[in-house]
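Some structures to go through are shown next.
Below are two complexes that have chain A in common, paired first with chain B and then with chain C.
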Partner chain A sequence: MRLKFEKRPEASTAMLYLTPVAAVLITMALGGVVFSLIGFDGFGAVREIFISPLVNAYKWQDLAVKAAPLVIIAVGLSIGYRANVWNIGAEGQYIVGALAGTGVALLTHQMSGFWILPAMMLAGVLGGMAWASIPAFLRTRLQVNEILTTLMLTYVAVYILNYLVFGPWKSPTSFGQPQTVLFSPSQSLPYLIAGTVVRWNALIAVVVVLVAWFVMTRSVFGFQIRVVGSAPQAARHGGFSADRTVWLALLAGGGLAGFAGILEAAGPFGHLIPQFPTNYGFTAIIVAFLGRLHPVGILIAGLVLALTFVGGEMAQTTIALPFPAVGVFQAMMLFLLLAGDFFVRYRLVRVKPKSETAPAAETSTEAA
Partner chain B sequence: MSVDLIIPIIMTLIPAATPILLAAQGELVAEKSGVLNLGIEGMMLTGAVITAAVMLITGNVWLAILCAALAASTAALIFGFLTLSLSANQVATGLALTILGTGFSALFGQPFTGKAVPLFKSPFPAELAADPFWRLFFGYSPLVYFSLAMVVLIWWFLQRTRPGLILRAVGESDISAHSIGYSVIGVRYLAVAFGGAMAGIAGACYPLMLTPQWVERLTSGRGWIALALVVFAAWRPFRLLAGAYFFGLVMTLEVYAKASGGGFRILPSEAWAALPYLATILVLVLISMRRSGSTSAPACLGKPFIPAT
Partner chain C sequence: MNNRAEPYRLELTGITKRFPGVLANDNVSLHVKAGEIHALLGENGAGKSTLVKMIYGIMAPDAGAIEWDGAPIAINNPRAARRLGIGMVFQHFSLFEAMTVLENIALGLDAKLSPRELEARVREVLKQYGLSLDPHRVVSTLSVGERQRIEIVRALLLNPKLLIMDEPTSVLTPQEVEQLFIVLRQLAKEGCSILYISHKLHEIKALCETATILRGGRFVAECDPRRETSKSMAELMIGASLKEIQRSPGRHFGEAKLVVRRLSVPAAGHFDIPLRDIGFTVRAGEIFGIAGVAGNGQNALLLALSGEVTSPDSGAIAVDGARVGRLGAKARRLKGMASVPEERNGHAAVPEFTLADNSILTARDRLGMVITGLIRPGVARAYTGKVIDAFSVKALGAGSTAGSLSGGNLQKYIMGREILQRPSVLVVSQPTWGVDAGAAAAIHQALIDLAAAGSAIVVISQDLDELLSLCDTIAVINEGRLSPAMAVADADADIEKIGLLMGGIHGESHLAAEAAHAA
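Up next, the complex of A and B:
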């Protein structure tokens, strides 16, 4: 009996949703083995990173705190990825969103009122959109690849942040520390549940997921994005403008990343510091893929990635596992997921014995 | 501008450009075979951390460079397995490779962080390198001469040899190359592995001649600039050299801006630091404005090859 891979007539929906789960489970098994081989407590690491935050109820709030920005950014990215627009600079859009929102906060620092926080959020969204509109303009007008421009602008955003917090925006009362003034109460994101660390952004993330789900499945915009991504020819015949799709995809991605940025600045951070960029924009790429570019999938994937962050922090203290190990686990997950895509398109079939003895001209036994 | 200023600028520019040049050379060969590997940054970080580790443990520079090339090449082969054998999306897999390289290097590099690595100095007699003029030719690390030799070698390989022709054929028309009996996947594996080895050596440049130590995220996006450089050079080895030295000059301005102040104070130091990234965008814009219609990219770039069964 021989086995070979055969292309499925249609991509398997079951596999599409099973492979992310398998990717996480295999990461746990393989990660345990690999980390043990290189001299760490491999299975201890897996236990601390993937299990401990789940069984310790007091860690659940931390999961919500970490998942919220990841989910909000990843939902935006997934819209672009569905349309084959590769925005990998969400980290930069996240930073510029936070900068724009903080700009409003600094202007309104002596004021109070319910309108200040919404104004900051609006500025955050617009800031992220503005930063993403540069690659959108360059791609649609000059055919400049957005992968490189979005990423290059991330580095530029980091330097703008540094310039502002070390220079013009430095708080006069910070004793020379590079940081802005602390946001006032009317500029800070309130707690969702009193006595916890969970703020409104956790709920906002869920709302973003629901809105995106509705928009992607029920609106012309969602249809356009899906058609342009999966059947560009048909999209052209259908009259969907490729340029407009690029703009929409980048503005959605940039806007949501900027939104996440100001929510993070007005929430957990409470001011801007040079350490503000924490790679959420890059990790959200993994979240988008692991969630299969589907809003609900992204919500779950965001929690899984948040788990690795929270668990990684725990493992640092409990078993002295260096924090960068988390990045290796996350990358492993993405690799296994991408490898799993093969099984969405192919299936393992048994080759009939006769094809081994009598070489038929029509069938090739070569595995694809 | 006086000679006193020009010589040190060139002496800073050329080493600064070398890792970008090496990484871009590897990527050029991979892209010529039709594979777009966005994992350069990850492979460079892998090469850099392995170099620092081997140097600090054994002190043998050749062993360090060899290990860096092998490690980055292995990482490239993981990418190759996914994209070539499992026909996974090359953009996503390349990103995954960068994320893996960043995580791995940060983890593996922890015990070596901040420790001084001995410099890989000029192989020529010290008297030659002492004279300010002759230093301009003989004062560099062997890695610089290696990168220059590779410009010619890669050009010669691609344009003048049969394997080079096959590699280009695979990148321009995979179906034709397959139908006349060449192994498309095999050629692409080799090209990807070579690209990885070159990115590894590019990473080795940081601890051996530029920084000279390991710190987390040492390459700070230079791998992505190398990627842009291949586009800028229109997939031509000699233009790669010109482009790399242009970026070397831009990065040198940053170094001078930090050190000297003076005339550089018209802009804050952060603006100078952001300059290489802005220059990359500007260069991409200029190329696409000049190039109307047809592009010089290999026709099969980024597309998976799935032989008909």
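Up next, the complex of A and C:
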């Protein structure tokens, strides 16, 4: 007996929505078992990571803080992924966006005014776009695969960050610590709700989701992205240029990642330090897929992934679960989601063993 | 039925194969003698490939019997076929570019041989048939003819008793064809039967002793090509049942709407045909047909006309006097050029999109479905509804996905989507491919009406019946070149000429010689 995969005639729509939910649930079950087997309180970990932050109201604001950058980056990535442009270097674009915005902040440090923060945000968006335009150029001119270039440029961005905060941008009052000066009040993102840690970026994330939703469903740009992703040949027939689409997809992803970067620098961080990159750019890839590349789905998925971060921190203190365990949970989620997607589109069938050349009359006519 | 002393090497009786919606082979019989070069002849879609796939064990027949050297057998898979001594050289090669000739041959063999042993055997075969090929060359450095030789050697290593060649000369130069024929004749002399699939009549006359002709999945005739003329075989292949062409005399055409002048497009890949010096003019009210056997540059021509592939020469194509050669598909549409490619799913339409979204794909700019970068879904839905009504498309509505429609209905929608935009020039490829008779008639009527309203229409088709009943003017594309245009009234008297042009005989001198020979 042999098994083989066979394409299902039609993928069920219900399954398309159920797989992300199933992926999260199976991750919880499997994670509990695996961590129990290696000697931790596995189901305690699952409870701390996935449940505790939800039942503790004071943790909700932490969820918003973590989810905001994830959602903003993932929305940008999802635009590219829909067009089959695989930007996996949002982390780098996020860093360069933060660097560009911080550059504006350093230039305007002695000034004050309402225009400074918007100028920083604009610089952040442009910085992220500039970083993403390198892979766009290489892909459209020299056919260099964007998966490699976007990823590798992330490491370049990290080194530029380190060079700047250890060198020219180091604060004179930091007692040798590698960090920039603290941003002034007119350079910092205000709190959305007084007395909480929730800043304006939480609201901005929701606005980004709504705008992206509108753009993807109602604009020619969104239409172009969808056609190129579904049927590249039909896109050419419709008069959409493949190169232009690559550019637009990478600029959208880079711009939003850069935007998230400066919002983070001007928000929770308040200055740049070598520890600024926290893998939001990579986690956002999981968010984008878990959210089915749909802006609203991404909003929900962003909250789920934020849950694992917040819960992971709690589990660290309450049951001494090492923080990298969170990464294991997140990766398991993506893996199970992709595996689930595969089974939505294919099914496993058993292949009947066929006899080889049967030189007999009795088999000569049946073999259909 | 054969009381001969020597049984047939291969005998097929009553072979039938049905695919969803199509009867690919209907009660087909074929007899191949030992040491015979036997041609399998037919137009595209006549069922040649299906038949051969069943002989090579890739598919199983629904009904019918296969006998091998007089004994009934079932061939369940290609490995079983090879074990019997059936070798096959496919039209498209399966070779790894980065590996050497020898490595490629080793990968394709069922038996495991040591590299040294294999090389000795390969060299032996090469010497025996006078083939020149260096076993240690990397495939990527070889010409197409040399690549084919790898496949031939691979087949010959099995000491085949029957060698199937699927359109082997479609990618070869005339010199390479000559060399191939020498090898095939030598093989036949040694007792190996050869089943030679082609539609090139002059080659078959030069090479084959017997020909089996298929049309529409059915056996039509078995003949001796050396005694037939290309004309008689072309008629058998195309079918003599050509419809009467009814053109009102004194129809007259308006100004030139589409002018193509010296249009050349380089081949995109090894199996692509470059377009060479294409030139023709289509006037208002005229339907211009382009006949030809598949794979002679039709696809490249459609892409070059639609603007999906642009030309460096802006004057190569003119629509209503405007030079559009360097413009892309979107800009050409705004100038009045619409097109319908052959492939419906994924090229003319996006299967997972709704019909309304598919209308946006090609009609958005001409019909105001977009304002300042935003889509107006209401306009798209209204237009789609109009197309559905006007072309009686069986669909639930503008919100149905294109993929949920049957082939014929989707084709009606696509044709309607372009025709209702009232283009000045419409280029369509295979407008009725895989479409039932009723839908085909509706599509033909719509094209005639569009022409009557003053548009210029180009129809690229392999269906000669369709072209002769639809078109005012016809030209034949062969190996990327377009023959001079012929008025259909004249061409009708001269179906022989079209058949010969389709088979690759260029120029009047060949025709004259051919006619003299037949007389």
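We take it that the second predicted complex is superposed on the first by the 336 of 368 C-alpha atoms of A that agree within 3 Å, B and C clash if a C-alpha of one lies under 4 Å from a C-alpha of the other, contacts with A are read in each partner's own complex, and residues count from 1 in each chain.
Throughout what follows, contacts are C-beta pairs under 8 Å (C-beta built on N, C-alpha and C of every residue); 3 or more make two chains touch, one makes a residue touch a chain.
Keep in mind that what you see is a predicted model, and the values were worked out from it rather than measured.
Judged by the touch definition given at the top, the superposed model places A:Val71 against neither chain B nor chain C. With both structures placed on the common chain, the touch criterion links A:Leu250 to neither chain B nor chain C.
Of the two partner chains, chain C is the only one touched by A:Ser219; chain B is not.
In the superposition on chain A, A:Gly239 makes contact with chain C only, while chain B stays out of contact range. Measured by the number of chain A residues touched, the leading partner among chain B and chain C is B. After overlaying the two complexes on the shared chain, residue contacts for A:Val227 are found with chain C alone; chain B is out of touch. Comparing the two interfaces of chain A, the one with chain B and the one with chain C have residues 364, 366, 368 in common.
Within the complex formed with chain A, the chain B residues making contact are 38, 78, 82, 86-89, 91-93, 95-96, 99-100, 102-104, 106-107, 110, 216, 220-221, 224, 227-228, 231, 268, 270-271, 273-274, 277-278, 280-281, 284-285, 288-289, 306-307, 309. Remark: chain A residues 218-221, 223, 226-227, 230-231, 233-234, 236-241, 354-361, 363-368 touch chain C in the complex. The touching residues of chain C, counted against chain A in their complex, run 60-66, 71-77, 79-80, 83-84, 306-308, 328-331, 333, 339, 341, 343, 346-353, 357, 360-362, 364, 370, 373-375, 377. Taken in their complex, chain A has these residues touching chain B: 6-7, 86, 88, 138, 142-145, 147-149, 151-153, 155-156, 159-160, 162-163, 166-167, 282, 285-286, 289, 322, 324-332, 334-335, 338-339, 341-342, 345, 364, 366, 368.
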